[in-house]
Every structure is written in C-alpha cells, then in structure tokens.
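Once you scroll down, you'll see the structures, which are given as structure tokens.
Same chain, two partners: chain A is paired with chain B first, then with chain C.
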Partner chain A sequence: MEMMTETIIESIIEGLREIFPDAVQMEISADTTLGQMPEWDSMAAVNLQTYLLQQFDVEVPLELLSDETTLIEIITFLKSPVSSQMGAAAH
Partner chain B sequence: MDHLAINEAFRDLNAAWMHDPSAWAQYCHAFNIAMQATVEEVAERLQQKARQALADNKGIEDQSIMVWINNIAWSSQHYHQVASQWLTDYVLRAPGMESDARRRALFWMHQILEMLAPANFFWTNPKAVRHFLNSKSKSLQQGLCQWLKDIHRSDRLPQMTDPTAFKVGENLAMTPGQVVYRNLLMEVIQYAPQTPSTWQVPMVLIQPWINKYYIFDLTPQNSLVRYLVQQGFTVFVTSWKNPTKEMAHCSFEDYMLHGALQAIVVARQICQIPRVHAAGYCIGGTLLACLSGYLAHEPERHPIADATLFATLIDFTDSGDLKAFVNHTSLKTVEQMVAAEGVLKSQHLSLAFRMLNPGDLIWRRMVTNYFYGESPARSDMLFWNSDGTNMAGAMCLFYLKSFYLENRLSQPNQLILGRRPIDLKQVRLPIYAVGALKDHICPWPATFQACRLTSGPVRYALANEGHITGIVNPPSPWSKKKYWAGAASRRRNPQRWLQDRAPAAGSWWPDWISWLSPRSGRKSTPPPMGSDKYPPLGPAPGIYVHE
Partner chain C sequence: MPNAVIHSTGSFLPDHTIHNEDLNQYPATSKLLISQKTGVFCRHHADQDQCTSDLAFQAAKRCLGRVEFPAEKLDAIILSTSSPDRIQPATATRLQYLLGAVKAYAFDINSVCSGSTYGIAVAHAMIRSGLCANLLFVAAEAYSKILNPNDFSTFPFFGDGAGAILFTAEENQEGVMNSVLGTDGGGNDTICVPGGGTMLPYDRISDAKSIYFRMKGRDVFSFATSKGAEAIQNLLTQADITAEKVRCFICHQANVHIILTIAELLNISEEKFYINLFRYGNTASASVLIALDEALNNGTIANGDLVVTAAFGGGLSWGANLIRI
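Then we have the complex of A and B:
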C-alpha cells in the first residue's frame, strides 16, 4: 500500500530523533541532509538502514545513506519500484 | 587499580587547570551563567507547550503521561547538551596540557557524557515509555530476556546484530574458491575465476587479524573479492587462525614471514609469476608495509609488484582514538592478561572498538534491545564486527609497544624484523593508499604519511566514509558516496593535498582498478585452482574462519 510522503517523512524524522538524541533542538525537514545530523557516521548509517527496514520493510542501500543525502532522496527511493525488490531481498 | 589510566587522565586535566586557578574560576562562572540561561529557556518553552496543549484541548489520561514524559525528556536533553558542551570545552581549554594527555581526557569525558545521555534512561526516553504502555509492558519483558542472554555471552555487551541472520559460507563469504594452503597461522584461499581470461598478476589480500577475513567477502553486493574477480583478477586471501593459548608465542614477525610472505609465495607459485599485487587492510596494511621494508633488502628478488594500503597506519604519531587506550599503564594490564591466557581475548578488543563509538555501538544498542525490546539489526558489517578474534600474546604486546607507544616503523632502522632493520625510505614500490575521512581508528591524515615515508610513486584515495564503509565501498547506482584521488608522492601535508582535489562521485574501487590494470601484465587463460605443490584442501571459506 502506498504511503503518503508526509507520513514517511514523519516516520523518518522520528527515527532520526531516536538515533541522534543530540538533535533535540534541530529542525529536521525534507531538505535536511544526513550529514547535518550530529555525529553522523557510517555506524549511524547502519542504524538508520535498520530503522528504515523495520518501518518500511525495505533495505535501503548503505551507499544511498551518505552525508549529502537528503530525506527527500530517501523517500524517493522508498517510493521507487526498485524498493519493493529491495524489500523482497531483505528476507 | 587504574587499569586503563582513566583516573590519570582526569588527574592530568585537573592539574592543568590548577596551574591557572583564576582561569578555572572564570570558566566555572561561565558555566553558572550558561546553566541559568538554560533553566530560564527551558521554563519558558515548557510554559509555551503547556499553553499550546490547553489550547489544543489535549488532556486524555495516557496522553498527559506522555506529555509529562516528553517534557522531562526534552528538558534533560537540553541540560545534557549544555553540560556536554561545557565539559568538552573544559578539556579542550585546559591550559598547557600535553596533546596525548588532552586526547585521553577528552576520550574518557566523551565516554561519560555518552553514557549519561538522557535517551539511555527509561523515564527520559519517551519512546521507551510509549512502547511500554502500548505493548502493555511486553517491550521491557522482551528487553529483559535479551539482557539475560547478553550477560551470559563473553563480552556481556548488548548484541549489535541478529546472530541468526547470517552464516559464513551460506549468505556471507560466498564467493567460490578453494583453500590452497594451510599452516598453523593461516589458510590461503584462491578464488575461482569468473571471466574467460584473467590478468597475469594476481592480487594477494592481507587481512587484518583482529576480525575475520570475510570483511572483503561480505554479502555479494558488498564483496570486494567478488568485484575483483569479476574485473578479471585472480585473488588470494589470507584467512588467519583465531589464536589459542598455544599460539601465545606467535610474533609479529611470524605473521610477516609465515603469513603475508608465505601467501605471496603461494600465489606466485600457482600463477607462475615473479611478482604479485599485494593489498593490506589496517594492521594487515601495517604488516605489508613492514614486509615491503624487509624485502627492500633484496630488491632484485622482490616478489611484490605494488602495494595497496587500506586504512593503514605506518606513522603512529597521531594514531586515532585507540591511542587513548594504549599507554604504559594499560600495557602492563595487557601483559598480565596475556601472561594468564596466552592471548588478548576478543571480548577485550571488542569492548575497546565499541568504545570508540559508544553512542552507536553500545548505548543505542542497549536502548533498542532492552528498552524497546526490539531485535538487533540485520547487518552484514555489524555481524562481521561482532565476529572477533583473539590476539596472540607476543604479537599483541609487540604491536602495541613498538607501533603505538614507540612508533618505530616511521623511523628508519628502528624496527628490526627477521633480523633486518626496516627503512621505509628503501621501499620504492608503487603504492595505492586509501584513507577514510571519518575513520576514528586510522585517521586519514595519519594514513597519508605513507606518501612521505616511502620512496615510490604514491596515489592516494580518500573515501568520504568511516574505517569499514570507506573500504567496503562498492559501486552502486544508488551511491551518494564521494572520494578524492590523485598523485601524492612525497606530499607531506594531507590538508593541502585535499584542497588541490575535486571530489569524484561514487566509489573509489573503479579508480583502484584503473591504477592496477596497467600494472597487471596481459590477460590470459586463468591459472589452475591450486597446483601440485599447493593442491586444493577444501572449498572456501575454509575452516579457520569458523573458529
């Protein structure tokens, strides 16, 4: 079932706030890049990948989760046809 | 006893401030002012929230609990952030502190601050409370079950990854190959060709023996071995034995002569070629640099055509956060452990590495596993990260002392291996060195020193990632990664080198292939799997990887 972009972005923001508790005062929007999150690094990327897998049942490639990636790019991936294949591959 | 010199670090910090009591008093006063401002700001913000809640007519019982929890969490995070900033500055501004002492104090201060993050406590973590209420306490019950499992494991740390999600040889380390050599220290795996013809010069990968070899053969999409084989290279990999008490005497020299050098001898013999490409990762790269220095004594018989150093330190002057652990006090502790057990157990190394990134690798795991009751992540890299190995006693002590404490490899003829003094200036091989911008273990400016310390042509590539993802960096249509690459021979200043470069999009792996290919001879029929002298002993991934 296709999710609304706003629902997806709210869910991603919730995940980012969990992974980065230091981002408490930060405004996070669709244009925020992952590199703007405090202490963003490769392990944080793995944490975000896991969170996205749990929430959306899609294994987002780690290559996509870079410091210049915006939330809207993650959403674009999640809504793309290839993401359903990545969901199947994750099982 | 202060096994890791933690007290010493804070003693040094306080002693530094006591040299200038008036600066200390002034700085403490600044903290009072910052805290007072925060108290007022928090009070104002909470009042605003309360007014908003009343206006929105929110007042249902469960929600009111969550409003209260959210407010507590928000305030705590705010205070924690202000205090963290102040305490970090307290270390950074301590007058006249020697840089290693400051780094140690900063490291341990960071550990404390990460531990005290409000999200690590149940009542100041709204998600933990919400899960508890929504699941009717099942989240904490599941968390308790996970905790009981964890404390019975040797490292007693929150599990990072689902141990049932991966099996080496089944969905990791799957590239087809054969073990073609085995001694007491390692197996050598030769991978089967996947192209009709292969380059004449094979690649020998020297793995770090702190974890298992399959960091280069994770899932197929993340496998460097598979990538190299598909680019037409014959690939050999060392798979080190997980040391037991009986291997206490194994030395760094053994790893060099009976490990790396022997793997090269095997590859040369099977491929019937005088020289091979050699690549080493982390401590495997340090070993390869030492071996190149050792072999420089007889250049006419040198069996290495060129060397690739992945995230490798050869100058340990600025050797990253691990240096916070390595000092004369902690070395004595390691000596005692090694005397008792013959090896440095993998759980000690695992804890040390996890403490380099405690937020992600310890505390977030604790919260997710125990408070939220969620299953650990399914990640090939984290699975590999959790599959640690022991370190042979003699090798470990030599490595910590000669490299981290005395930095002998960077000084000509100060390191003696195989009765030969090692002088890296005599190393004239072409070198491809790779650093990772966010590497805490081998900081990239330190890895860049390979350009200055060796005498051959050096190409340096800098990945915009960490110690693992910077190296396990497969090309992908989705890649948002970038890297910088270019000639760097005898360059001394890494920052200036970086300023001169424009970033390239994607993975550095294709750049490395472009560098290797012209050095690889011609393409011809692939060599056989093994030879009469080194016959196949069994399929990859072999047996040592399971120990």
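Then we have the complex of A and C:
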C-alpha cells in the first residue's frame, strides 16, 4: 500500500514538473499545495486534471484541484472508492 | 504627401474546423471552461501540408482578386507572423513567389499578436515617405503547428488564419491617420516559444516541450486590458477625436473578456467592439485583419467610417491605429 502511494506521488510530481517547467528546481512533496506551483491557475488545474486522467484513468473533479489542495489529498481521492468506480489504475 | 489608403482586404481560414467538443484530449467536464474563460467555441486548423505562407497566399489572392489588382504592380509585401514557415528566410519571400509579385520586395515583421498594428503603422510610414505606392500587408499565423495539443492553457484558445490589406498611395484620402505603438521588453518571457532560437538552440533543448508556445495567462490578461485601453485612449487623444466619432473598434481577438474589459475601462459601448473570436479563436497577428475584412464584407463598417484597430501580445507589445476606411 505504501509503495503504491510512493508511486502515485512520484507520478504526480513528474506531471507537475511537466506542466510547470519553472518548477524544475522546486522541492515538491506530499504536503505541497497546488497554489505553491508557479503560475497556478484554473487553466493549469485542467492541465493537471488531464494528466491525472491519462495516468490513472480517473477524472479528478476540478473543485478538488484548488489552490489549497495538497498532493496527499489528490492521492487520497485517487485511492478512494469514488475514484475506483471511475478507473482502476490507482488501485 | 500621399496617404496609405485601404484599397482592398481579404482573409482566409483553413477548411478544417475544430469545435470545443472535439477536443477529446481534455476531460469532458473541462471543455465548458474553454468558452467560459475566453468565448472561443470553434477554431480552424491548417492541414498537415499547409504552412503559414500558404494561408497568407490565399488571403492575399482574395484581397487582390476583389479589386482585380495585378500582383505584378505591387511594390512591397510585408508579412506579419510569429509562426513563420522557417526560422529563415522570411516567410514573405515565399508569398511573393506564390503571388508572382516580381517587382515587390518582401520582408517579415514579428510583433507576435500586435503584428497587425505594427504592420499597419510600417505600411503607413513607407507609403508616406514615398518608398512605395502599392503595398500588400498580410498577417498570417498557423499556431496549431507550434502549440502543445495537451496544454489546456494554450491549445484550445488559438486558431489558424490570415488576413490581408492592399494599401495604395492616395493624395486626397485620409486612410491611416495615426498610430500608437509600445513595447515592454521586460516581459519578453511572458509569451514565448522558449526553444529553437539562439537563446536555446535545438542541441541544448532538454525538455522537448520547449519548442511549443507558452504564455503566463494571468499576467497577459492584466497587461492586455491595461495597455489595450491605454493605446486606444492615447490614439484618440493624439488625433483629437472622441470615441463617439469612431464607428467600430477592432481589437485583437484574444479573449472576449479582454475586449469587454477594454470597452469598460474606456467607457465605450461594447456594441462598438467587433468580436468574431467565437468562431476562429485567437489567430494572433492575423485576428485584426481577419476581423477588418469580415466587418467590411458584412456591412459593419463601410467607406468613410472611422475605425480603430488595437492589439497586444508577446514582447510585450501593443499598438493601435486610427483609419478612415
């Protein structure tokens, strides 16, 4: 279970570095909020949503991808029963 | 001293249309955001084998054909593009060849989305100085070729297209009356294609996405609304003309909210602002010329009307022109 969380967080960090090239030097951890990403806005939220859909086959609601959302909250959603009805990649 | 007068216009949008609902690379729930955020519902994309000069050629052909003006009589061709065929030579040179404008010299300008207003100002200055009498100004863009299809912050909002104006030197008509141009080079990272130039040559590119267009959306919005409004205000003040006397304001078609905010800042009725980005998206420097051609053809503006064109974009750059049609 712990390994799975590690794998997911690595994948999300990889996605964030792709979406935000200016974050190349930034330390990103499970507690990082999306609002800490440089140039975070509603368009970037869709880019992250698209990335998560492509990686995990789960459409994370945009409401969950807000300034204050931490990466661990995204992981919690990806591993939740709600998301398991959408896709199985994170489970 | 002769003035640069609009003798004809033309425009071209590639056949291939893409509606928001066709953008299946994005989650279904996000597609509604495209029209909500910018007003764009549809855009045209060039075919795989169509490049910027092909779009320019079609717009130019329509422009010259409308008044049966022979390309051989052109003295000069200016092409505005920020999505050129190649880094060199100038995309305008292929346009000159395709048109058979054997007498014309041809060159590019790149002021990104402001290119329309810069091109009109340069055309005006060249004709006023006596350097040429028959000048074809074309703005053509094929942004679909330089955008990352997975980047929601850019790809859905842009489209391809071209517009053209044939300027002729006339002694007794006003034509282009005044222009205001501005640049803030401190913002040159705000809108850019980072890789592929001399700052980041291909052999030093580590992130393949560096070759794609990118922009910092929030910065662009505040810049575009403030400088767009300021340019129009300065233009009218310099010409000692009130907004009431202007029949139509044709702004760069980047985002409906930018245009409406400019109208609000200037306290000018939004009905005076021409908007067609719903159908075409942001066609960069081509947008003003496409809108001008459309407005002339659908009767929104006619001979004798005063028109203001305004644009803002990469550089950062901005400009506005006052034109008697």
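The criterion applied here is as follows: the second predicted complex is superposed on the first by the 82 of 91 C-alpha atoms of A that agree within 3 Å, B and C clash if a C-alpha of one lies under 4 Å from a C-alpha of the other, contacts with A are read in each partner's own complex, and residues count from 1 in each chain.
Assume a residue touches a chain if its C-beta (ideal position, glycine included) is under 8 Å from a C-beta of that chain, and two chains touch if they have at least 3 such contacts.
Because the structure is a prediction, the values reported are computed rather than measured.
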Clash or fit, chain B versus chain C on superposed chain A: clash
Partner contacting more residues of chain A (chain B vs chain C): B
Touched partner set for A:F56, first chain B, second chain C, both or neither: neither
Which of chain B and chain C A:L64 touches, first, second, both or neither: first
First (chain B), second (chain C), both or neither touched by A:E39: both
Touched partner set for A:E73, first chain B, second chain C, both or neither: first
Colliding region between chain C and chain B, picked from 272-280, 326-334, 416-424 or 506-514 after the shared-chain fit: 326-334
Residues on chain A lying within both footprints (that of chain B and that of chain C): 18, 21, 39, 41-44, 46-47, 49-50, 53, 61-62
Residues of chain C that touch chain A when the two form their complex: 25-30, 33, 37, 150-153, 194, 207, 209-210, 214, 216-218
Touch list for chain A against partner chain C, complex: 18, 21, 39, 41-44, 46-47, 49-50, 53, 59, 61-62
Parts of chain A lying in touch with chain B, wherever the complex brings them together: 18-19, 21-22, 24-25, 39, 41-47, 49-50, 53-54, 61-69, 73, 77, 90
Footprint of chain A on chain B - complex, ascending: 74, 77-78, 81, 117-119, 127, 221, 357, 359-361, 364, 374, 377-379, 381-382, 438, 464-470, 474, 476, 478-482, 507
